[in-house]
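Below are two complexes that have chain A in common, paired first with chain B and then with chain C.
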Partner chain A sequence: MATIGLRAFEMFASRLSCRPPRIHAFTLRSLTTGTTATPPPLNSRFVPPASLETMDEVELEGDQVDFDVSSRPHRPRPENRRPVPPSPAFYTARSLYYDTLVQLQAALSLSRRALRVQHLLPLPPFALRALPPAQPAWANKAEMSLILQAPLTARMYKRVVTLLKELEQCERIARIADSTELEDAITDITKGFESKKGIQARDTRIRAREAKEKGPLDKYGRSYTVGRRKTSTARVWMIEVQKPKDDASVPAANTKSILSSSSATTPPPPTSTVLINSVPISDYFPLPADREHVVRPLKLAGLLGAFNIFALVRGGGTSGQSGAIALAVAKGCVAHVPEVEPILKKAKLLRRDPRMVERKKTGLAKARKRYTWVKR
Partner chain B sequence: MLPLSSCCRHATRSLLAFSDSNAACVGLPALNTQVRNYAKARPGVVKPSSHGFSKAQKKGKGGELEDTDQAAATKRKRYTAFLPMPVAQLTHPLFETDQRNSQLQLQSFHPEILTEAVISQALAFPQNDKDPSRIFGLPRNLLVEYRILSKPCSVIRGVTIDVINRLDLASQEGSTNHRLVIAGSPGCGKSVLLLQALQYCYMRDWIVLYFPRAISLVNSTTSYAYDPRTQTYAQPVFAYQTLQRLLTVNGPRLEQLRTQAGVEVERRGTVPAGASLADLVKVGTKEQVLAPTVLTAVLSELGKQTAFPVLLAIDDFQAIYCKTKYRDPHYSRIQPYHLSMPRLLLEYASGLKQFARGAVVGALSGTDTTFKLPLELAEVLSLPPTSPSGPYAKRVPELQSYAKGLSRVSVPDALAVSEATELFDVWTRDRAIPAAPNDELFLAKYSESGGNARDFIWKGLLSTLTL
Partner chain C sequence: MALRPWTTATRCLRRQRVLPCNAARTTHTAPNSNLESSIESPEDWHLMQENRARFKTLFDLFNQHGSTQTREKTFQPHHTLSRPLAPSQTTLSALVAAGAHFGHTTSLMNPNFLPYSFGTRAGLTIIDLEQTLPLLRRAASLVRAVAQRNGTIIFVGTRPDLQDTIQRASERLGPQGYHIGERWLPGTLTNRNQLFQEESHQYRLTPDLVVFLNPLANMNAIRECAIQHVPTIGIIDSNADPRIVMYPIPANDDSPRTAQIIAGVLSVAGREGVVARGEDQKTYQHQAHRILIKQALTGEGNS
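And now, the complex of A and B:
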C-alpha cells in the first residue's frame, strides 16, 4: 500500500469516533484583491492564483469544506479554467511526501487525543520504561523513496521515520491497554511503510536478542566459540567433564605420592580430553609449543580437567591454528565461568591477535625488504 | 666370505672390541676373527705417521698435530646413546648430590607381588651381573631413559598382568599356542611391556632369549656369508654373540640340561648326546663359523626339553618380516627367511618349530621408518595397514605363512590417570623434571599428551619451558 489517502484518513478518524480537526488549507490571496492582511478564512478552498481573476466572488465566499470530495457539489467549470491540482503540495514536486507528512501528523494527533481520552497519555516514566521495546521494520531510505515517489534526503527520511516511531509508540500503548480498535487503526497506517527487508532485519534482531538472553550455553550445556589467528579459523565446543557418580571405583594402590593424599582412597582427578578435527591433540600437534598454546587458557584459569574440548579448525598453518584454538578456548572458558574473564584478559588471551601477513609493495622485493641499493 | 660393506666394517670393529671385552669376562681367550684390510685400534700404541701427503704435513705443523691426532683416535669412542655424567663428578653444592640417592625408593620387581593390587605402582628392576636387560641390551629409547633415571623401573599396568597371566599358562604348554605380538600406538609402552614380561620370566626360572633391536639383524650391520649346506646366508658374528649372551644369562640352567641327540657340527665332528647344553654353547662360542649351526641346535634342544620353559622375546618384531638391507650378488635385496638369524626367529614365531614349554613374544615398533609394518603382518594382526593394501597389492606367500597364527596383545593408547600419576611421581622424586612438580603441571601435560606415555614424559615434562 503506497499511500494512505484521504479516504483512509477519514476511515481512521471515523474509527476513532471523534470529530476530526479541520484540515488547514493554505490560501493565498492574490495581490490584486488588495485586501488587508487578514487571516485566511478557515473554510476556504485552495484556488490557484491564476484562477482568481476568473472566479466569482460568490464562489469564493460561502464555501463549505466537505471532507468527502465526491459528495461536494460539483460546480460546472468553465472550459477555459485551468485544471485543479490534485494536492495542495502539487507545486512542491514532492506532493506525496508532504501530504504523507501532514496526514501522519494528523493521525498522530488524533491517536494521542484518543489515548488521552482513555487516560493513557501522558504515561508516567516507569510505565514508559515498562513498555515492550519497539521492533521497527521500516523501509530504508531507498525503499521509502519508492513508496513516497520522491527522492528523499536523509533529513526528509528522518522526518517520516520520526513520525512513524511516534505512531508506533501510540500503537504499543494501545496494545498494552487492550485498545484493539486504536491499535488496528494505527497498524493499518504504519504497515504501509514497512518493507520485506525491514521485516527480515527485525526478525534477525529478535533472534539475536533471544540468543543473547538465553545464555552462552546450549541445551546440552556446551559453549560454542570461534577464534581466529592469521588465516586460521577455529570453532570450539566445550562441555563440562562428567564427574563419576559410582563410589565403587576406588584405586587399591597405596603409594606415597606427591599428588595423592595419604589415605589413597581419593579417586583420580578428572582430566580434559582435547580433540581437534576428531584427532587427539597429541596426534594433531606434534610440537609441544603448539600443545601448550591450546591448553594455556585452561591452565591460567585453573580449569584443567573441568572441560572437554572439541575443535574444528581450518586454514593457515600449525601455529596459526593453535593460536585460533587457544582464543576460542579462552572465550569458551569465559562463557562457562564468567569470573575468569579478568584473569584471561590480563594475560591477553581474549584478544584476537590482529597481526596478519603484510602485503608486498611495488618497488620492494617483499613487504619490507628492499632491492639492493645500487649507487649508479 | 663375501666382501664386507662399510657398515659391516664399522660394526665388526666395534663388535671386536665388545667381543674381546666379553670374552675376557667370560674367561675365554680372545679370538682372531676373519677381518680384512684394517687393523684393530689398540690403546697405547702410536700409529706410525704416514709417509707422503697428510694434512699435518701440509699444514707444516710437524709432529704436534700428529700426536694429538693419534691420541684423539685412540681415545675416540663412539657413543650411540646419551650417557650422563657420573653423579660423583657433580661436586658443587648446587647439585645436591648427597640428597639424590635417597630420593627414589621403589619396591623391587618380584614375580610374587605381581597381582591386580600392584597395578599403577612403579617397581624397580633388579640390577645384577646376569641381568638380561644388561647382557642382551635394551632398545635405544629405553636405554636413554634408564640412563637419565637413577635406576631402571617401570609402572605396572593392567595389560602387564594380562600378559603375565598368559605367560603363566604358556609355561605349561607348547609355544605354538602362545605366540603373542604386542601392538599399539607409538609411544604407548610396548617395549616396556616386553621388558616386564622378560624380567618376569627370568625371575620365574625360564630360559630367556631377548633380541632388543631385531632391526640389527636385517639392516646389514652384521657380517653375512652364504652357506651352501643350508642354502641361506649365515650371520656368524651375531649368532656367536647370541650364544655368548644366552650362556651368560642362563648359564646355571643350561648346565642342568642335557642334549637328547648328537649334534653334528661341520668340520668338528659330533657333540655326543647327553652332553651339557652349556658345553654345546661353548663349542659355538669357540669358533664363530660354527655359531649359526650351534645356535640352531641349542634352540632345538631347548625346544625338546621340558625342565624349563623358554621365552623368545623380540623387539622390533616387524623388522624380521620386512625385506632386509642385505644384497645378494645380483644386488637384489635378500628376503628375511634367507638369512640365518631372521629365519630362525621366523620359524619359532610361526610355530614351525616350537618349544615344548614356553612362548614367543614380539613387540612392534614404528620408530624406524625403513622397516615399517608389512602388509602380511598387519592383516594377520588386524591392524590398519601402513602400506597400500587391497586385492591388487602384492603379498609374499612365504611371509604370510610365517605370520599365520600370531595373536595380538593391544596396549591401551593412553595411560590411566593413576598410572600417569605414578610415572610423574617417579620422575619427580628422581629430580629429573626441570619444572615445579605440582598438579597443574601434571594435568596440563596429561591433557596435552592425551595420556600417551612417551609424549607425556619426553614432549611434556622434559620439553616444557614453564617453570
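And now, the complex of A and C:
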C-alpha cells in the first residue's frame, strides 16, 4: 500500500518539474529477479550432475497428487543457489518498519519540494497558526504493530507518528492552497496508517468539541448533568423557571432596598418544582438532611427557585442518592450560570466524593475492625 | 581600565543594534518584503506568491551573470553525503578536512594501533592518514570485487548520526546493499533459524561482506561474522584493536563526516562493481546470441 503510494508520488513530483528523484531501492527490488542462473552453453550434450545436492527438485509428471506447495517435502537447496533477501533492512528483522520510515521520509521531502516549487513553503508563522487544526486518526501502537509487522516500542511508534504528522501538515497546506493533486497523493500514503478505532476516536473528539462550542444547554434551554455518590447515579435536567410576562411585574432592582419597597408591590417568592423519579422531593426524601443536601448548591449560588429540576436516580441508599443529586444540581447551576462556579468550587460541591464502601479483608472482621486480640 | 568596567561593557552592547531577523526570509524573497507579515486575504496570498515567483526569476536570471563561484560549485556541508567521492578522487586533504586524523586520548590508545598512529598532539593520538588512504582504497576495491560477483554487503552504523549515511550507501548497491541502523540483533547470523523463520530457508542469508562504521559498539556482530567466516571492513579508531576486522581503515569513528566519506567511497566502488557486472552479463548474452546465430548459419550452410 505504501509502495504504490510512493511510486505514484514520485511520478507526480517529477511532473511538477522537480528533479526526478532516485528510484528507491525498495522499488528496484521488484524489478530484479533473484536468480542469477547462467544460460547453459549451447554446444554441450547433457552431462549428469556430480551430486544430487546441487540439483533442483525434479518433479515427475505422475506425482502431482497434492497441490498444496507447503505440504510437499522440501529438499533443502544450498544457500548459494537461493535469492537474496528483498528488503534493504532485512537484517534488522523489522524490515517493513524501517522501509516505511525511509519511504515516509522520502515522501515528506518530495512533498516539501513540491510545495516549495509552488511557493507555499516556507510559510510565515502567522499563516502556519492560521491553518485548520490537525484531526489525526492514526492507529494506536498495537494496531500500528500489526500494520508494520513488527513489535513497536513507544519510541518507534513516535517516530512513525511524527513523520505522519509532518506529512499531514503538508497535506493541509496543499488543501488550503487548492493543490488537489498533491493533497490526494499524500492522502493515498497516510490513509494506510489510519485505523477504524482512530477514526472513531477522531469523530468522538470532533463531536465533543462541537458540543462544547454549542454550549451546555440544549435547544430548549435545559441542562443535563450526571452526579455520582457511593453506588448511586443521578441524571438531572434543570430548566429556568419561566418568569411571568405581565407588565405590572416589579423589576428586580426594586428588591435591593428594603425601605423603598412596600409589601403590596413585592412579587411573590419564585417557586420551582423539584421532582425525583417523578416524585416530589418532600415525598422522596422524608429526612430534612437529605433535602438539605439537594438544595444546598442552589442556596449557596443564590438560585433557589430559579430552576425546575427533574432527576432520575438509581442505586444506593438515601444519602448516596441525595449526594449524587446534589453533585448533578451543582454542575447544572454552573452550566446555566458559569459565574457561580468559583463559589461552588470553594464549597467543594463540584467534587465527586470519592469515598466508597471499603472491602472486607481476610483476617479482619470488617474492613478495619480486627478480631479481639487474645494474648494466648 | 575604567573604574567601573561594567558600564563600559553595557555601553558597548548598547551600540550594537540587533537587527530584527525575518524568519520567513529565504533566497527567493526580496529583502524588504513587508507584505509577508501582513497577509489578510487570499488576494494578498496570491500577490505574495507572484512576488516570490517574480523575484525568483530575477534572481535566477542575474545569477548567470554574476560570480562563477555559485552555490552549486562551492562545497556545501551536505556534499559528503549527497555527492560522495570516488576512490580515485579521495584525497588526504578531504580526510583531514573531515577530521579523520583525530584519535582518542593518548592514554586510551590500544597498543595494537601503534603502527597506524602518526604521533600525539594536544593529548590526542593523531592517526597516520598516509596509511589510511591506501587501506581505504584496498577496502574499496574489495567492495567492488564482491559487488561484481553478486555478493551482498551490509553497512552497519548504529548511531543516530549515521542513519542517512548507511541508507544512501546501501541504496547505491541496489538489491545487493543492506543496512542496519539501530541494533545488530544477537543471533542474526548464528541463530538465523529462530530469528528469520521462513526466510532462513527461502533466501541466502549469509552476507558476503559487512562494513562497520562504529565497530566498537558492535562487537557481537563482529564476533558473529568471524564465526560465520564473513569478511569485515571497519573504521578503526585509536582505542580499537585493528585486528578485530579483516580490513581495517584507521580513522576517526566519532566523526560523522569521516563516516560519510568512507561509506561514500565504499558504496561508490560497490556501485561500479554492480555496473561492471551488468556490463559483463550483457557482453556474455551478446556473445551467446552471436554463437547461436553462427550455429544457425553454419547449420543452414551444411544442410
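Keep in mind that, in the parts below, the second predicted complex is superposed on the first by the 277 of 376 C-alpha atoms of A that agree within 3 Å, B and C clash if a C-alpha of one lies under 4 Å from a C-alpha of the other, contacts with A are read in each partner's own complex, and residues count from 1 in each chain.
Methods note: a contact is a pair of C-beta atoms (placed from the backbone, for glycine too) under 8 Å apart; a residue touches a chain by one contact, two chains touch by 3 or more.
Computed from a predicted structure; not experimentally measured.
Once the two complexes are laid over each other on the shared chain, residue contacts for A:119 go to chain C alone; chain B is not touched.
Of the two partners chain B and chain C, it is C that touches the larger number of chain A residues.
When the two complexes are overlaid on their common chain A, residue A:339 makes contact with neither chain B nor chain C. In the superposed model, A:358 makes contact with neither chain B nor chain C.
With the contact threshold set out at the top, not one residue of chain A is in contact with chain B in one structure and with chain C in the other.
Residue ranges of chain A in contact with chain B, taken from their complex: 251-253, 255, 257-260, 268-269, 271-274, 280-283, 286, 288, 291-292, 294-295, 298-299, 302, 304-305. Those residues of chain B lying in contact with chain A across their complex are 116-121, 416-418, 421-422, 424-425, 428-429, 437, 439-440, 442-444, 446-452, 455, 459-460, 463-464, 466. Against chain A, in their complex, chain C makes its touches with residues 23-24, 26, 28, 36-37, 39, 48-49, 52-53, 56, 150, 152, 154, 167, 170-171, 174-185, 188, 195-196, 199, 201-207, 284-285, 288, 291-292, 295. Interface of chain A with chain C (complex): residues 22, 24-25, 28-29, 32, 34, 36, 38-39, 42-43, 74, 76, 79-80, 82-86, 88-93, 98, 102, 118-120, 122-127.
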